[in-house]
Amino acid sequence: MASNSFGQIFRITTFGESHGPAIGVIVDGVPPNLPLTESDIQFELDRRKPGQSKVTTHRKEPDKAEILSGIFEGKTTGAPVALLIRNEDQRSKDYEDIKNLFRPGHADYTYWMKYGNRDYRGGGRASGRETACRVAAGAIAKKILHQHKIIVVAYTLAIGGIYAKKKDFSVIEKNIVRAPDLEAAEQMIAKVEEVRKSCDSIGGIVEAVVHGCPPGLGDPVYDKLNARLACALMSIGAVRGVEFGAGFAAAGMLGSQHNDKFYMDGDRVRTRTNHAGGILGGISDGEDIVLRLAVKPTSSIAQKQSTVSRDFKAAILEVKGRHDPCICPRVVPVVEAMIAITLVDALMMQKALK
Amino acid sequence: MASNSFGQIFRITTFGESHGPAIGVIVDGVPPNLPLTESDIQFELDRRKPGQSKVTTHRKEPDKAEILSGIFEGKTTGAPVALLIRNEDQRSKDYEDIKNLFRPGHADYTYWMKYGNRDYRGGGRASGRETACRVAAGAIAKKILHQHKIIVVAYTLAIGGIYAKKKDFSVIEKNIVRAPDLEAAEQMIAKVEEVRKSCDSIGGIVEAVVHGCPPGLGDPVYDKLNARLACALMSIGAVRGVEFGAGFAAAGMLGSQHNDKFYMDGDRVRTRTNHAGGILGGISDGEDIVLRLAVKPTSSIAQKQSTVSRDFKAAILEVKGRHDPCICPRVVPVVEAMIAITLVDALMMQKALK
Amino acid sequence: MASNSFGQIFRITTFGESHGPAIGVIVDGVPPNLPLTESDIQFELDRRKPGQSKVTTHRKEPDKAEILSGIFEGKTTGAPVALLIRNEDQRSKDYEDIKNLFRPGHADYTYWMKYGNRDYRGGGRASGRETACRVAAGAIAKKILHQHKIIVVAYTLAIGGIYAKKKDFSVIEKNIVRAPDLEAAEQMIAKVEEVRKSCDSIGGIVEAVVHGCPPGLGDPVYDKLNARLACALMSIGAVRGVEFGAGFAAAGMLGSQHNDKFYMDGDRVRTRTNHAGGILGGISDGEDIVLRLAVKPTSSIAQKQSTVSRDFKAAILEVKGRHDPCICPRVVPVVEAMIAITLVDALMMQKALK
Amino acid sequence: MASNSFGQIFRITTFGESHGPAIGVIVDGVPPNLPLTESDIQFELDRRKPGQSKVTTHRKEPDKAEILSGIFEGKTTGAPVALLIRNEDQRSKDYEDIKNLFRPGHADYTYWMKYGNRDYRGGGRASGRETACRVAAGAIAKKILHQHKIIVVAYTLAIGGIYAKKKDFSVIEKNIVRAPDLEAAEQMIAKVEEVRKSCDSIGGIVEAVVHGCPPGLGDPVYDKLNARLACALMSIGAVRGVEFGAGFAAAGMLGSQHNDKFYMDGDRVRTRTNHAGGILGGISDGEDIVLRLAVKPTSSIAQKQSTVSRDFKAAILEVKGRHDPCICPRVVPVVEAMIAITLVDALMMQKALK
C-alpha cells in the first residue's frame, strides 16, 4: 500500500472516507515564500463540489478547506501544508439497504476481496469524494505553475457521442457541463437530462491542454512526462483511457503524416503539427501538451440491477443516494489538479539536475 | 531524474545507450529460490530482437544476456539479478549525417533542451534498444507469475486500420506481425510491405490480456493497478494512448450498459461483461485484465523531411540506418514484460499487507 | 523535501507546527482488520506529553488524538489512518522577544538559510512537538508488533554521567526519569533538579531493547535493519549518536572477543554474547536488538547567551518559555515509536518476499 | 527488498557477489556535462582495493572499473552511468570447508534464515567487496562536490584504543592505516601486526570531516542530513555506531556547555564551538560536518571458533581465506564515498526547492 501518496518532490498524501468525519491532504515539497490563502484553495474546491447544478449530484457539501500547517504570515514556509475538509451532508442510512451487496461497477467487491472488510457507507476510500483533496492540493500546484506562466485547462470534449465543435476556452466555466462550445453544451445538457430521467448515467471525454510548458520537463525512460501524467490521470476513478496528441488515431497513420516537422518560429523551435501532444521521448517540447480521457458513465444508477451479496448469493440491487448522471463536469477540475501536481513535480526534478 | 528505475518492491533499473558498449538491467526484489537460467531470459529476448523478419529492422543484434549476479546453483538467491547485453552491430557512421539535425518525432530536440548535449548515435538512451532490458527483466517477472498461474499475452490487434477479427492466441507467434488472426495477419503484412516500399512507416494497436490474475491486486487511490499499468506502458516510447476494458468506447455508453453485472459462477464471483477490463476501483476483480495501446508509426522513415539543426537553422533531413516500418510486432514482448513487472510488484505489495 | 514521510510500506507522513492550529499524521499501509481505538493511541501520547512531572516542561497540552479515517466499526480498514492533535496551550508571545534572534543549538539559523523565512513561535516544524505524531503513529505500529509478540522497550540509561546499574524493566514507568533502576533514578532526578535550578539543561543516554524479533528482518546492503533504525532515530532532534550492541566499545575489541559464538539452545540458534546487538549483516538474528542513543542537553536554557540576530548583528539572547531540563524521559516513548514503525515496515517487506 | 539502491535524486543501485563474475553499480541522476573518465573512478577504487599493504588482506583484485554508459565524448550525458568491475582473484575453494557452517559475526546465519539459501563463497552479497561499487559511485559524487568546493576527508582516528593525537590531513595517505598522525600511525601499525600474528583482528574508529558544505543542506524531520548520513554509514557492514559533533560525549554535558554560540565572522555567521557537528535541526549550518564511526574488528579470524552448522548441530569453524586484521584503512574511502553520495543527493534536493 502506502499508495495514498502521489509525487516525488512535490508530493501529496491524502486520507479520509466519504462518510467519516473528514477528508484531507498533506502537501509536502511546497516551495517556501509562496503567498497562499484558504480562498486560493476554496476557489478550486468550489468548482468540484457537488450540488452545483442540475447535471450533478444533489449531495450538498460546503467543502470548506482549513489550512492546518505550512503557512506563516500568509506565505508558505517550506513545511508541509495540511488541508482539512470536514464531511457534513452525510446520509449513511442511504446505504443501509446495500450494505451487503456488491454494487456493479463499484469497488465494493474488490475491496472486500483485498481487505476482507468494507466501509459500505458511500464507497469509503473509493468514493469520488477523495478527489476533493486532489483539487485542494492542485490549487497549490496551480499557483506554482502560475509563477512559471504555465496554464492548465481541462474541459468536457464530448458526452455520449456529442462533441464540442469549437474550442472557446472562455465559455468553459459558463455552462454547466464545462464544454468549450456553448451550442454543443446545450445538446450535452439535454442528453444528460434525458439520461437522468431514465435513471441512467452517461460517459464522456475530457480533454486537457497545458499551455506554456517549457521544453525539457519530464524524464526519459520510466518517468516520461506522459507516463507520469497517464498514471496521475488513470488514478481518477472514472477514467478508462488516456491518450496524448493524435492518440489512438496514430494507430491508423503513416509516419510521414504523424511526424511533427520542426521549423523555426523566430528564435523558437516549433512543430507544424502536434501529433505528439507536446511530449517527445517523454520530455516536453514546448508545444501545448494535449491529452484526452475516456470517462465512464457513473456506476451508481437508480435502476434495479442484478448482482451478488457479500455471502455470495444472487441479489437485486437498488441504489438510492444522490449521484451524478454524468461526472465529466466535475472530473474537469480534478484532471487539472492532477496535471498541475505532476507538472510541479517535474519542474522541481528538472531544477534539481540543472 | 533517478528515472531509470521502475517498480517498488520488484524494481528494475536499466542503463545503456544503443551505440555504447552495452545495455543492462538490475532486477531487485527477486524472490529467492526461483530456478532461473540465461535461456529463460534469452527466449524472451529473441522475441524482441531486431532482424527477425521482413517487417522489422535489419539491424542484427544477437542480444545475448549474461547473468552477472543473483543466481547460485541455478536458483535466485534474493540478491539483485544483473543482466548484461553487449551491443554488437553498431553502425555509428549511419548517424554522422544527422548528428546536427533534430529528427522529427524523435527525442533529439527535447534531450538537447533538457541536457544540453546529445548522443546522436542512434538515439542514445531514447533508443528502442533500451526495451531489450525491459524484456530481459520481464522474463524473470513472467517466471514468477507462472508460479501463480497468471498468464500475460499481448498481440497486434490492428495495423493501419486492419483489425484482427479473431482472437486465436495459438497463432500469435506463427505470423510475423504477431496478430491473433492469420487472415488479418496476411493483410497487415501486405500493408507493412507496401509502406516500407514507399519509405514510410505505419502505426497500430497492441492489445494485451492477463488471465488468471486473482482478485485483490492493486492499491486504491494513486497506485491503482490500471494507473500503474498505464505508467508502465506509456513509458514505452512508441505508445500514444492506453485504454482498459471498454476504454474510449465507454465515453459513448450508458451506465446501464457499461456496468458489469455480478453473478455467481459456482462459488466464484464473476461479471457477465467485462467493460471494466478486469479492474474495479484500481483493484483486480478476477476477470481477464484487458487493455489496448495506441502505437504510433515509427518516427524513422527514409523520406526527406524538413527540420531544424542544432544551431537552429532550417534543414533537410534524410535518415539512413535500419528501421522498423511497423514496430507493433516488436512492441508485443515489451508490453508483456512491462505488464508482468507491474503485476509482480503488485503481488508482492499485496503479500506485504496480508 | 517530501521529507515529512518515513517508511516504505508502513509509512507515516506528518505535518504541523508547535504554534499552529494542529499537528497530525497520516499512517499509510496499516493492515486491515486490526482493532484500534483512540485510547490505544492516547495511552502512548500521554507518556510523551509535556507537564507530566517536575523534570519536564510545564507546558500543558492535553494532546488528544482524534482519529479521522481508516477505522470502521472499531477496526482498521486498510485505508490510511489520519490522526489529528489540536494545539492548545500556545503562548506565542513567549517568543516575541526572540523572533529576530538565532537561538544557539536550535534550527533557527539553518531554517533561515534554507527557507528564507522562519516561524519563530516555538521552533515551528523543528519543535519537539512534532514527535507527538511519531508517538501516535508508533502506537499503531506497537499494536501490530504485539500481534507478532515483538516488544519494544526504551529507557533512560544515563543522565549526565549517572548510569542505571540495574535493568529492571518493571520500574521504568514508576520513576519520572524512566530509568530501569530506582536507586539510580533518584540520583538522576536530583541531578536534573540541580541543573534546572541553575537555569541549565543536561544530556543523557537512552537505551532500547527489542525482544522477540524473529530472525530475517531487514535487508542487506542499503536498507540494513540497523541502517534504517539509525536513520529513524537520528531523525529525532535531540539525538547526536546511535550505536548497536557493543557499539563504540567494539572499536577497542579483538575479533576473538567481539564475535558472538553460535550455539544450539534446544532447536534454536542462539549466540553466547550479543555484541552485534541482534543484527548481523543488516538482518535480525533473533537475539534482542540492543541500541543506545546519545541525547544532547536541551538547547533551550534560561541563561543569557551571546548570539547573532536575523540582520546579522551580535546580540544577547534570553529564552523564556517552558522547557525540559533533561529531555530523556520524554524521548523514551519517541524512541519506542520510531523503532516500532521501522520494524513494522521491515516485517511487511519481509512478507512481500516470502 | 529493492534495498540495493541508495539516494533519491542522485541514486546508486549495486549488484554482484564477491565470487560471481562481476560486481557493478548504476549511478542515476548524474548531472549532464560533467567531465568523467575511468581514471577518475580508478583513483578512488585503488584506495579501497585489497592487497595494498601488510595491514590489509592479501587477496589481489585489480578492481578495474569499466564505464558502460552515460558518457559521451568524455562527459556525462545525464543518462545513468553504469560501472562494471569483473571479479578476478576468486578462490572459492577456500570456502569449501565452511560451506555448511555459520561463521560467527558474519551474515551467514541471517541470510539463511531470511532467504533459505546461501552463497557460501566469501559472503556473497554480504561481502565487503560490495563496497567497491560504493567507492566507484562515490568518485562521481566527489567530482560533483568538487565543483561546489565541498571536500570530504575520512581517516582512522583510533585502532584498538590507540588514538591519533594530531589531525594532519596531509599525512593520511602517507601511512598504511590512514591516520592523520604519523607517530600514532606507527603504534597502530605495530598493534595490527601483533593482532595479525595472533590470528586475530581489531576494531577502530573512523572519523570524517566535510569542509565547505554551505548552510541549508538537508531536510527537517525524517530526512535530516544527519539521519541520511547515519543511514548511509550504518549500511557499511563493519560499522556499529555513528555520532556527530560531540556525539556520545554530549550525554554528559550541560546545555550551557553544549550550545554552540553564534558570532559574526566578517559577514558570515559562525559558531564558537562545533558540538553539533555542523548540522542543526537536520540542516547544515556551514561549519565542518564532523562524525565518527565505530568499526568492529573483522569477523573473519584464523582462530578456531565454536559455532553451529546449517543442519543445526554444534561445530568447530576454522576460517581460511585472506582477510583484513583491521578494516579501518579500507573503510576510509568507503566512508568518504557514502558521505559524498549523500551530500550530492541533498544538494540536488535543495536545488529542486529553490
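Note that the chains are named A, B, C and D in the order they appear, and that numbering of residues resets to 1 at the start of each chain.
What we mean here is this: contacts are C-beta pairs under 8 Å (C-beta built on N, C-alpha and C of every residue); 3 or more make two chains touch, one makes a residue touch a chain.
Quick caveat, the model's predicted, so the values are computed rather than measured.
Where contacts are defined as at the top, ignoring chain C still yields one piece in which all remaining chains are linked. Looking at chain B and chain D, the chains that touch each of them are A, C. Chain B and chain C carry the same sequence, and matching their CA atoms takes a turn of 180 degrees, rounded to a multiple of 5. The pairing of chain C with chain D is characterised as same-residue: of all residue numbers used at this interface, over half are used by both copies. Centroid to centroid, with C-alpha atoms defining each point, chain B and chain C lie 46 Å apart.
Note: centroid distance chain A to chain B, computed from Cα atoms, is 26 Å. With centres taken as mean Cα positions, chain C sits 39 Å from chain A. The residues of chain D that reach two or more other chains are 1, 3-5, 8-9, 14, 29, 32, 78-79, 111, 114, 125, 220, 349, 352-353, listed in rising order. Listed in rising order, the residues of chain B touching chain D in the complex are 1-5, 7-11, 13-17, 20-24, 26, 28-29, 32-33, 66, 68-70, 72, 75, 77-82, 84, 111, 114-119, 124-125.
Interface residues of chain A, counted against chain D in their complex, comprise 8-9, 29, 31-32, 78-79, 220, 348-349, 351-354.
By the touch criterion stated above, chain C contacts chain D in their complex at residues 1, 3-6, 14, 102, 104-107, 109-111, 113-114, 125-126, 130, 158, 160-161, 195, 200-205, 215-216, 219-224, 226-235, 237, 240-264, 267, 269, 271, 275-277, 279-286, 294-301, 303, 305-308, 312-314, 349-350, 352-353.
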